[in-house]
Every structure is written in C-alpha cells, then in structure tokens.
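As written, the chains take the letters A, B, C and D, and residue 1 is the first residue of each chain.
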Amino acid sequence: MRVTESFRDEELLADVICRLIGDVRQNVRHVAVGAASPIPATAALLAREKGGGTPYVSLLGSRDHTFFTDGARELFDCAGQGRIDVFFLSGGQIDGAGNINLVSVGDYDHPKARFPGSFGSAYLYYVVPKVILFRVEHSRRTLVPKVDFISAPGGSPDNVFRPGGPVALVTNRCLFNFDRARRRFRLKSVHPGHSVEEVLDNTGFDFDRPDDVPVTPAPSANTLLLMRSVVAPMVAEVYPQFAKNVFGIEAAVPSS
Amino acid sequence: MRVTESFRDEELLADVICRLIGDVRQNVRHVAVGAASPIPATAALLAREKGGGTPYVSLLGSRDHTFFTDGARELFDCAGQGRIDVFFLSGGQIDGAGNINLVSVGDYDHPKARFPGSFGSAYLYYVVPKVILFRVEHSRRTLVPKVDFISAPGGSPDNVFRPGGPVALVTNRCLFNFDRARRRFRLKSVHPGHSVEEVLDNTGFDFDRPDDVPVTPAPSANTLLLMRSVVAPMVAEVYPQFAKNVFGIEAAVPSS
Amino acid sequence: MPVIARTLDEALESIADGAMLAVPRESSGVPMAATRALIRRGVKNLHLVALPTSTLQADLLIGAGCIATLETSAVSLGEFGQAPRFTAAILGGTIRMLDATCPALHAQFQAAEKGVPFMPLRGLIGSDVLAHRLDWKVVDNPFGDNDPIVLLPALKPDVALFHAPLADRFGNVFVGTQRELIAMAHAAAKTIVTAEKLHDGDLLRDPVLAAGSLPGFYVEAIAVEPRGAWPLPLPDHYGIDAAHMTEYARLAATAEGFAEYLDTYVYEKRAA
Amino acid sequence: MPVIARTLDEALESIADGAMLAVPRESSGVPMAATRALIRRGVKNLHLVALPTSTLQADLLIGAGCIATLETSAVSLGEFGQAPRFTAAILGGTIRMLDATCPALHAQFQAAEKGVPFMPLRGLIGSDVLAHRLDWKVVDNPFGDNDPIVLLPALKPDVALFHAPLADRFGNVFVGTQRELIAMAHAAAKTIVTAEKLHDGDLLRDPVLAAGSLPGFYVEAIAVEPRGAWPLPLPDHYGIDAAHMTEYARLAATAEGFAEYLDTYVYEKRAA
C-alpha cells in the first residue's frame, strides 16, 4: 500500500465534493457550476474524468466546458426543466437551517459588511435536486446561528414548489449532510488533521452527530494525479489565479 | 399623359394596399406579412421599393426578405414590443364590426365548413397599430352580418389592452376604411369597373359611405412596371404559384 | 447520452401510442421521412402539437388515422389549397381539435422551457379561440388596474420531433435561425431529430455553428435521413416539391385517392 | 435606420442622464470603452441594470459617481476580489440598490421582450431578495391548488449597451451564443452597440452567421471599437487583462487610489 501523498485543503475538498457528486451518480446527468466556484469546478471536472465523460459538466464562464448555446438564461431554464441535477452554492453566512446569505451582514438598509449578491441562489436552491454547499472558511463568522439576510432558505413550507435543496455542506474542517425533513445539518466526517471539538468550537449553529465521527478519507494518489495533471489545466481556463495558487499551473494564453 | 395600362385585379389590390402602407409612412418602420398573403406581400415589397429600402419588410416563410433570427416566435415578440407597425389579416368571414373568422362556418362543434385556423390573428390584431384586412372575394358569403366564429374581434372594451386593430378592408370591388371609435366600416372608394350598387348588393353588413364615392385610382404605369419587373421575382420566392399566375414568372430554382 | 440510431425506426422507438408529439411549421424542418415511418409503424392516438401551424404532415397523419387530438393554430397546404384530410376530419368530427393561435403556442412552450406553470399573453380577450379553450384562464393583471390578461398553461410534450440540416456524434444539432426548434426541445421531455447529414467534429466547438445549435444533452436520438423533409422544404437546403404537393392535393381530396397516395408514397418501403 | 457612428461619443449620445441602462455580464461582452466614454462625458443618475451580474463596469461607474440606482444580482471582481467602489457605496448608502437574482432579471427582460406586463418564476418565496422587492408580487397559481408563485414585472430599459465581435453596415450585430444580448435588445427601447470590427457584407445573408445575429432594426447606433471590452474579456477573441485587474483592485481599494485610476485610464484620452 502506497503512503498517502501530501495534499492541499482545496484538493481534499474537491475530492469530497467529487464523491458527493458520485454518491448521487445514478441520477446525475448534468452538473452545473456557477460563478466564483473554483473548488466545485475542480470537483465536477474530476467526477467527469472518473466517469469517462459523464456527467455533463457546465462551468459558468467557460468556453471549453459548457454545453449551453442559448445565452446566460439557459442554465436557469434548464434547471427549471429539471435537467440540472447538481449545483453548488456558498454563503457569506450559512446557518443551521441551511439558509444562505450572499448579500450583507447587519441590517440590510445599513449593512456592516456587503457581499457581492445572491447570484442565482434564490432560484437554483429551490429547483436543483442536489445542491452542495461549500464554504472553505469554517468559523463562527461564517457558520452562524441565523443568517442576517436569507438569499435563499434551506427549506420551504410544504405548499411551496421546491423539488430541490441542500444535501451537504463542505468546509475546510468537515463534511455535514443536510436532513431536509428536520432542516438540520448532521456531521458526516471531519477532515484529516481536524477534530470534532474543533468543529464544535468553530460552528455557530447546532447540528447532529453520530457518537463516532469518521475521518474524511484523504484523496487517493490516483485522484491527486488526475486532479493535478488532467483537471487543473481545465480549471485554469476559468480560474487562472486559483489554478496557479493551488496547482502551480499557468493558464494557456487565450486565443485571439 | 400616358394611357392607363391594363392591369390585373391583384395588381390593383397590391397598389391600393401599398398606398395604405404609404398613408401611415411617417410611423412605419416595419411591415410584416404573414402566411398565405401574396397580395399584401406584393404591396409591402412595392412600398419598400418606392421608399428606397424603407420600411423594413418581413415576409413569413421567406429566406431573402426576413430580418428575424430568433425563430418563429420573434414576429410575435417583436409585435408585442410595438416594433411591427403594419400587418395584414384576412378572413373566411369578415363582419361589419371588423370581426374576422379564420376557423369555421356554422356551429364550432359541428361546422359546415372549416378554414385552416386562426394563425396569429388572435394576438396580432390587438397589438399591431395598423392592421389592413384583405379579402379578394367580396360577396355576401365572405362579408357577413356577423361572423360564426371570432378568431379576433374588430374592437375591444376600453379596459382591454389594445394598441392595435383594423384600419381598412380591401376587396376585389372596393376599399373600406375602418372607424375604430364607431366600430364600423366606411366605403372609401370603389375600384375601376365596379359600382356602389354592386358593393351594396354584395356586402352582408351595413357600412357608412359618403354621398359621392370616388373611384379607386388605377396603378400608374410606373407602379405596374416596378411591380412586374422588380417585385414579382421577390414574391415568387415565397409564392411561386401566385407569381406565375399573376405575373407570369417562374421562381428561381432554390439553392440546394 | 444521445444516440445516432442505426435506423429511422430505432430512433422513433420512444414515440409511443398516445404520446403528445410536438412538430414544427413547414418552413422550419418538418420530419416527413419520420412521419412516413410512424405511419408505417401504425402509431395511434397521438396528441399532435404543431408549433405553431402545420401543412402536409398533420394532414397525412390525420388521414392515416394516427391522430386523436390536434393542437395547432392552422392547417392548410399553403399555396396548394386546403388540407383535405384535416378538413374532412373536422367536418366528420373524427379528431379532437384544440384551436390555438401562434403566439399562444410559443408562449406555452416557453412556459415549459422556463419550468413555470403558465405564461401571460396579450390579445385573445374577446376571441372565440379563447372561449373554446377551457384550459386557458383570464385573470386581472396584478400590476395593473382593471386590466384583464390571459394566462396560458405550460405545454410539455412527451417528444419533440424535427428535421435539421446537421447533427454531430455528440448529439448536438444545428438548427440555424429556426430557434423555435430549440424552445421545443427545451420544453419536451425527449427530443428526436432526423438530420440531413452528420457533421464531422463537435458543433459546439465552433463558436459560429454553436450559436445556431441545440446541445446534445437535450437529444434522445438522431437518425441521419438525407432529404428527410421531402416533399416539404428545408430552409437553405431545398425547396418544396411543388409537383408532388399538387399530386397530393389532388389525391387527398378523396378518401380513395388518399389511400392510393399512402400506398404509393408511404407504404412503398414496406413493399420494397 | 441604425447608424455606424463616426465617433464613440456620437453613438452614445442618446444615453441621457437618469436613463435606465442595461448592460451584460462580464463574459458576454462588456462595453468598457463606452463605459469610459460615458464617465468622461460625466453621465449622471443612471439606473444601471446589469443582466444578470457585473464586475469592473458597475464598480467603475459607481466610483465615478454616475449611478443613482443599481439593479443586479451580484457585483464583484471575480477572482480579483470584492468590487471596492460597489462595497463602499453600499456601506455608505450612496446608491440605491435593487438586489435581484439572475433568473429573475432574465425573466423580467423576457417579459419586456414579449410585451407582457409580468413573468412568473419559481423559487424566491422565503428569500429576503423577494422580501425587499416591493415591485415583485406573490400570487396563488391559478392553475394550481394552494400554490404560491412569484410574478416579476417587465423590465424595459431605455437603452441596452453592449460590446460584440462583429457588426455590419445594416446594423446587424453578431453575438454568437451570448443570446441574452439579443433578449436585452428586444426588451430595450433603444440598443447601442460597440463592435470589435465591421463585417463586409450582410450578416443576415449568411445562414450560419445569421443564427447568432441581432437584426439591425433593433439597433440605434454602432461604434467600431477594437478591444472595446478591455480590460475585460470578449469570448472567443481575448481574455481578461489580469495584470490590469490586479492593479484596479489595488487602486480602487481607496477613494484616492480610485481617483488615480480614473486619471490614468479613463481621463487620459481627454489629456491626449
């Protein structure tokens, strides 16, 4: 057995997300990745490489890895048709009920901090069956008891049309699953080098957990190789800075 | 002064319609012609030739004379935006209130005769400012007291959104204007070789008329030349049978 | 993953009896080879939605007894006259007719495309088209003041079927400016395409061709059928076969003549 | 008739102070040369609608004091961090912000495109985006049973402004797969385009180019501006100028630095 290689946090998280995509493989035909999502982009492309070309992966902002031809609207229309199976969302704040805040901290009319905005979250969180939440910074600043602004809620009343919603939350410390019926997170595993106590100390919301919390498996050597040699150059097209920082590669010069 | 040339009914009607388009020239940027409308197509192309390239003319079904690139929907969206200034409609039956019937004669569920269907009339009649009605066959069979099926009404209650509607009706015998406020037709002119009495005899609905009804001017020699030499080959692209019958020209072989 | 079918019949397999089948207008690429194959197979009870009108295709399917319900804005043979089998079926009461108007059908497909239950549309009020459509509703515009407006329910066909100039092995289909074909595919649960020819390479990799292409993930199956729209036209490729249409109009004027037409032009493959 | 303007300023003439101006997302052709020209001209009180998001363009216009109202789904510099002038304006309360979500903006443009007063959209219910938009309404779906759904009002900008790869003398503009530019032009009262270069001939006469083109009758004015999206990318033509964006992010972090940026990169033409 080969000794586990060293890896970066981003690589572990991409591997975790890739396995989350894989867990739902039987129904997954199309994984879409939105703006400002380099780790999910890495994960989705990794899943496609491992799947021998499936699922379809659409990266917002990519020329090489998108199958949309009907403009910026098509992703949302496509999701509304039920053709997008997995999407990724983050949040400046995320709370224990799965609510996400991409707008501001404090009173909306007099905010203390401002994030870019809700993007497509107030729609996609409702209609994509499997939404994977990711937030690298796992702290009481980001994982809060209650978000100050609900860009999109973690759950909805029974009479609200909602085929989609959160399935998991991936941070730099751990993986939570989301229980839609109870609208609560459940700790699934802590990443290598991290502990349950640390997760408890740094999480602002209550969550469920088993008595024995497993350790998140490290990425295999093969996965790391695939990620670094095949996936990273693809990621560099859309996220050149990320690809440079994480994988140490430069983007190809865009064709002119 | 040159002697008036002989001309066909279709040529006179196209000239009449062309002048109706011209009457509203100051606001006319875009004239659209729908399905099964060879005479309006001739008139619109004639108007464009006379206008030195304006207005825009879009012929449904034409490759050479359409400016739409967003599929079959664009004509209707474009009209909804207020960008189509003139359109043409016909009817299996037309009544004195400007209602048109493109569907059937007799009871809808057990019809005695069936026409093709309403096409876009139930929308375009409401939103295009100037709709010119045309029906070559002027008889009590076609111009009826009350249509059996209203594909689209000639007028609407004040609270119904309706920037558009009929402005005129052109037949093989005469030209009527339409008074929207009174929802009635008014005889504008009778075509050369026809009479007011004949119009009265052959019209199933009541209409207004001046004491002296003018004769519709015949097409000028120049208009006929333009129609036959320049416009007819264009018409032949979409209406080869019509162009052959009326103008005696064959359509070019479609490129393969 | 979309499949380049080995045969036309294989591509059409998922069009079941009773399916709601969406097809395009004459000038947008009507799948006539596929239509003849469906008639040969004896498909029954189709709910045919022609977006927004039809000509020979609806007439042929009606005459061959394949249609239970027809939903469209108009059926004729254009310059070749009335559609005789359509007219006979309406007068005889042998099919259920849902009379529509072109922009209403487009809006209903757009509603399905957007995953919304309905789409508003202006016009229609006071029309008997609306009066006979119990599935369409009039509401008061919530953004207006005493402003009635029609809401049209989403129309989500089981299968969209059309003929296109070009397709590739990834299932991408070039439709050019005939973009209602794209809306139709977005709206439908499955899309089946016949294509004039197969494109070497990936249509989506060419930024110009991509602009006129439907991505393969919407497409269930593709069959390559040269002149697959014949005798109807394919824009930019071939025109209508006027002599054939004249013959069709003549023969289809009677039930006997129509049967002769089917024998000669539809079932001939069976005999061959 | 659309006009190939002699100068960029001439093309932009009809963008008045206080206009509702629609612009596209970063990856679709942002008219940055035109944006700098508007700042030089000193345009004021714009209601900027970025469909559906913005980056440098909104930040620059905000910092230069051109914006009264911003309506969009997100503003950041992407990989180059937060948008500093946007963030400062929100925290300082110096602009009115209408927070949206991407598909809602698309639906609102589609409503204007179709000439309908509103468009329904799923999602949104329970979101504070909806809670803060008094112009959006929740109704009970008339086709459902206890099924609340949001209606969004049509959004009809005074002017749509974008940068495209190609335009011709007839005013036709090739946009390729960036079709939200077409929806934007359909929705807007007027459309002004800057183009990389002028196409010889008629884009609509080429069936392949036509499929990705906006017809000229929607277009008010065109100015030819090579590298008109710089320092932002133009799809299939050039990438983002990362070094410049890094410099912008550094300078715009303070009001003083932003003023220096304007002097160097926006007003320099005035000095030249």
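Note that in this section contacts are C-beta pairs under 8 Å (C-beta built on N, C-alpha and C of every residue); 3 or more make two chains touch, one makes a residue touch a chain.
Being a predicted model, the structure only gives us computed values, none of them experimental.
Trainee: Could you tell me which chains are in contact with subunit A and with subunit B alike?
Mentor: C, D
Trainee: Average the CA atoms of each chain to get its centre, and name the chain whose centre is farthest from that of subunit D.
Mentor: Following the centroid criterion, the farthest chain would be B.
Trainee: Does A-D or B-D have the larger number of C-beta pairs in contact?
Mentor: A-D
Trainee: Indicate the whole-number Å distance between the mean C-alpha point of subunit B and the mean C-alpha point of subunit C.
Mentor: Between these chains, centre-to-centre, one finds 28 Å.
Trainee: Just how far, in Å, is the C-alpha centre of subunit D from the one of subunit C?
Mentor: Comparing mean C-alpha positions, subunit D is 36 Å from subunit C.
Trainee: Can you compute the centre-to-centre distance for subunit B and subunit D, using the mean CA position of each chain? Integer Å is fine.
Mentor: 40
Trainee: Give the residues of subunit D that touch two or more other chains, as numbers and ranges in rising order.
Mentor: Within subunit D, residues 110, 114-116, 121-122, 147, 149, 177, 179, 182, 210-212, 235-236 contact more than one other chain.
Trainee: Please output the residue numbers of subunit A that touch at least 2 other chains, ranges allowed.
Mentor: Answer for subunit A, listing residues that touch two or more other chains: 68-70, 76-77, 80, 127.
Trainee: What topology does the chain touch graph have (line, ring, star, complete, other)?
Mentor: other
Trainee: Can you give me every chain pair that touches, using the contact definition above?
Mentor: Final set of chain pairs in contact is A-C, A-D, B-C, B-D, C-D.
Trainee: Can you list the subunit C residues touching subunit A in their complex?
Mentor: My answer: residues 1, 112-116, 182, 186-187, 204, 210-218.
Trainee: Quick one: which bits of subunit C touch subunit B in the complex? Just the residue numbers, please.
Mentor: Touch list, subunit C to subunit B: 24-28, 51-53, 72-76, 78-80, 82-83, 86-87, 90-91, 93, 99-104, 106, 110, 121-130, 132, 146-149, 177-183, 233, 235-239, 242.
Trainee: Subunit C touches which residues of subunit A in the complex?
Mentor: Those in contact with subunit C are residues 29-30, 54, 56, 67-70, 76-83, 127.
Trainee: Which subunit D residues qualify as touching subunit C in the complex?
Mentor: 107, 110, 114-122, 137, 139, 141-144, 147, 149, 151, 153, 175-177, 179, 207-212, 235-236
Trainee: For the complex, give me every residue of subunit A touching subunit D.
Mentor: Those in contact with subunit D are residues 35-36, 60-61, 63, 68-73, 76-77, 80, 102-104, 108-114, 116-127, 149-153, 156-157, 159-161, 239-242, 251, 253-256.
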